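The two complexes that follow have chain A in common; it is paired with chain B in the first and with chain C in the second.
The block that comes next holds the complex of A and B.
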């Protein structure tokens, strides 16, 4: 039997303490998974934003609109392949006024060309194009509300007052996990024909696909330059830059979560270190005996370090075994359904699983360093003298 | 009764474990106190902008000032409603404002832009909101392209400091002539300019976003609201200013509090187990000592209390440390997006005594809960067996 095996068996010497330590580490590993997934899912959309799409908005304020003719002008900018425009509508379900979901007016054909990660069955696309009041809704939203194909949905406008009737012509899914599947996209025609004449022929923002993702920033500049001496100037950036600027606004929260994850790692380390230190203190006498029969200080160090490592690994494994299904199957779908606008895809990444395991094991090892040093430096005689 | 010094000395003997456990608890108390300090800080900043004797009128169904728009001719109607306070000169105290969020270059970043709220106000605005004080320079003169900026924006955005200028729209530079404060409320993250300047720069001719009125007293609000909402054709909605800002901040504050709650739930679980482990080890190491105490005549009850006290002292020490660290957070200023308006608002951690005391009590409670089982074990030690070894 190797020394390491003996060391690992030592873990079971004080069963109650080991069980307690493992449960503390488990709780903290689960929590670590949760926090890092919050950060990841928040930043993921920024990193996975399409590289070949640029967005153009009013330079002064995102609540101000652009003239619709800008769409055609952007189409003529060299390097631009396809263009679509979108307008924020803002609506509430009268029966669930606290529940937020996005409602956006678009031109169906252009929209589906530019956002080709949004998937709608062909016949439903046709139905949407035919129906002025038609809309496509994300499968997550449709399921939550129990909306069926062909159903009539009445919403209250927050910016454009009154009751607005929509028909569910299609239900979309997406082949990119970071797409919000809780949005209602409806016909721009319907919005534009129903609002006051002075608001007509305006659009909220314009998205363009470019042929070379590497030139996205350059093309965005060219677009802004085109409108520079007009009454209304534009602000264009790649989808990634756009999402990065959104992240910039919530970066304080992200930093706080980072601090908390760090605090948690510290607590985990303290608990592991404490357990190992106490185990070592109780066994000082034994280490004296081992030294007396010829084991070297390095063996004692190996003993204690492998015990710490094993404890950390075990805690990490149990934490993952409980935490992974908890976040993946329990929290994930619930978050996507209720907070889809912020957490379109709330899942644990494989990298995080590996990282958590190594973190717990590494902490176990690191926590054992101080007790191991102390124990290895003890004089044989004084160790033997110590009782209990 | 076993003297407390016995417990303190026992803790001091096992320095490393004591420090490790106290640190663990301290960290939890720190996180708990900080989360709640931030939560109250946010509420204070955002709700603090409202007065209970002010009412705000919006277009019905629009949740925020930004989404709302009213025809200018409704102003007279609102001013004539019952309960509206009149100034000494006899005019009603009312402020019809244009609110818009503009993108501005953030200083200290690589070309990142963030949203700043611009509020076009009439000259009466300072009477309706007396808590807004100009601390440097002077208020913008009506009919000019002068603005004043909240002190929270100073130095955060390009051009937003005294004597500097920035553009509301292309070739429409405005000059900063004043810096104002408002007792820490979210107005301090806003730019105030003349209402006509805002209207012409943002194409809002003949419109205002919202109307704020001073009432004779908070109790007049119900009558005022009834008058405002009686004519359905006008489609107006009246809220108390406090109520309005509470609604605006509830999302962000709730988010922080839920987040903080979940975080503390998990962290305290971990730290409590840490305290449990420490106290269990203490009890098992001191079997003989406890037996001796029992033989000397101390009752099971005084052993139980003694060990409970010991773990409370341990956790209170940690708690005090945590609170000390949390107090340092009150020097930290955070700027974060308000989810309701998309505007960047500067918050601080609000060190109110209730939160600090509550967190300390929570820390002590963790010690007592974690120490209860070990103390029970200590109390059940049989003196004869323990002394036999």
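The block that comes next holds the complex of A and C.
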């Protein structure tokens, strides 16, 4: 038996209060895990973008198009190895109009060269190249929709209205967990030939692989310089920066989630502090007895800090024991399946697990500091007079 | 060497010389002890009696080293309590004083034997040795069969006996008891008083007991009556 053992036992003196406090901490830890995972998952794709890829878009806005001829001109910039273009299509499954997934038009050969983390069996690649209406879909999307190879899929265009028929030529997977496996990539030729002549030969953005990732910024500048004196100027940047600029649209939401997650931490601290302060106030007389029989103020501090730490650790452990499987096995797969475009990989990272545990423990400890200081400063005789 | 210090050398365990204790309440100064002199011999069993507000508990707090006098000297077993800082007094209390309180003041989350073991946590003893000593103390008060019981599972008399076991486990020279029978029925009170007598006669402990109960005071060898901060007898 030691002071720490007594402190831990003290946690259960008022079972109802402790259960309510632990429940509150547990719920807050779960929400903290969830919100931090939302932020991490949303930004992971940008942070894990390939270092040897640069993206080029219209200088004014990424919703404006670039002439397709720029693809070849970028290919001629020294240091550029491979180039691919992509155009946002925007379509919905008429049977599931609330479900969002990306639909993007690309040139199959160039696309798969530049995005070599996307894996498609060779025969399926060939089938895609041969079929003007062919498309490859991510395995997550295919599973969710029940789409099979060779299946005809009719989508409703949102930017280009009407029914668009596609054939599932291939189902792709990826060797990186942050790659969205819920996208439908289809032949640019199909889009371009089907739209009005004034809209033809335009692309959304151009991605280029460079031979030296260390020179990516320099090559991006060289690309932009090439189009400086044209009517349509470009803005080139690393893939990470490009994806971050897409995220710029939702940065306010991310900041809000960030703030909310830290407000939760604050609430957790206040709840723990309140519980510890109440317990300490009720037990002032006992601290007086401990002081009377020879314990020093530092022992009282240790006693109360141990109680706070134990409460925080317990809350953190219970929160993680429930929250981790909840996010990892429940919400994660559901988010990846239904919102793969935003949350390609929605899982709790080991770093977040460790951080959440230490945060809850640290808060328990911090919340006990003021009650511990107050109790340790009490005069023995005054403490003995107090009735709990 | 003062008279008090000389007294200690002659077998006086507790010596108070011109002790004053004042409290300030607002602008008013309250003299609870007004120049009190007191000597208690080693191995004595003294009772402090007096009406409420007479200064009994304040006097006991000074003897136990829980408080310091406003002026005067408090010499306990040769040690000048008034010159010690709080840390020194805490260490001194741990090895020299055993406390018995009116309301027992046991830790409700600890079993009887763990409560008795509590003061030994400061003694840097191995856990097994601590437990052994706590069990011996519990046996001395006749509660060895209640070692694993929580205070809530004990009667008032049993709780007070555990408190006494806790008071003697460090083998202190002095036991201070503040109304030790105040919350007990007559039978239990008699048992506690017998136990205190036994500690005094068989183990040679010096006992200072504050009490309102004349029957309890009768067990003491010496009775001091306080009134308005001075000894009346």
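Please note the rule applied: the second predicted complex is superposed on the first by the 383 of 388 C-alpha atoms of A that agree within 3 Å, B and C clash if a C-alpha of one lies under 4 Å from a C-alpha of the other, contacts with A are read in each partner's own complex, and residues count from 1 in each chain.
Rule of thumb we're sticking to: a contact is a pair of C-beta atoms (placed from the backbone, for glycine too) under 8 Å apart; a residue touches a chain by one contact, two chains touch by 3 or more.
From a predicted model like this one, the values you see are computed outputs, not experimental measurements.
Looking at the shared chain after the overlay, A:260 reaches chain B, while chain C stays out of its contact range. Of the two partner chains placed around the shared chain by superposition, chain C is the only one that A:10 touches, whereas chain B remains out of contact.
Of the two partner chains placed around the shared chain by superposition, chain C is the only one that A:296 touches, whereas chain B remains out of contact.
In the superposition on chain A, contact is made by A:159 with chain B only, not with chain C. Applying the stated contact rule after C-alpha superposition, one finds that A:194 touches neither chain B nor chain C.
When the two complexes are overlaid on their common chain A, residue A:28 makes contact with chain B while staying clear of chain C. Contacts of A:64 after superposition: chain B is touched, whereas chain C is not reached. Of the two partner chains, chain B is the only one touched by A:274; chain C is not. A simple residue count on chain A separates chain B from chain C, and the partner touching more is B. The residues of chain A shared by its contacts with chain B and with chain C come to none at all.
Those residues of chain A lying in contact with chain C across their complex are 1-3, 6, 9-10, 12-13, 285-286, 289-297, 380-381, 384.
Within the complex, the chain B residues that touch chain A are 16-17, 20-21, 23-24, 27-28, 30-31, 38, 59-63, 66-67, 100-103, 106, 109, 112-115, 168-170, 202-203, 235, 259, 262-263, 266-267, 269-271, 273-274, 276-278, 280-281, 285, 334-337, 342, 344. The part of chain C that touches chain A in the complex is made up of residues 61, 64, 66-67, 86-87, 90-91, 93-95, 99, 101, 105, 107-110, 114, 117-119, 121-122, 127, 130, 166.
Taken in their complex, chain A has these residues touching chain B: 16-17, 20-21, 23-25, 27-28, 30-31, 34-35, 59-64, 90, 156-159, 161, 233, 235, 244-245, 248-250, 252-253, 256-257, 260, 263-264, 266-268, 270-271, 273-275, 277-278, 282, 370, 388.
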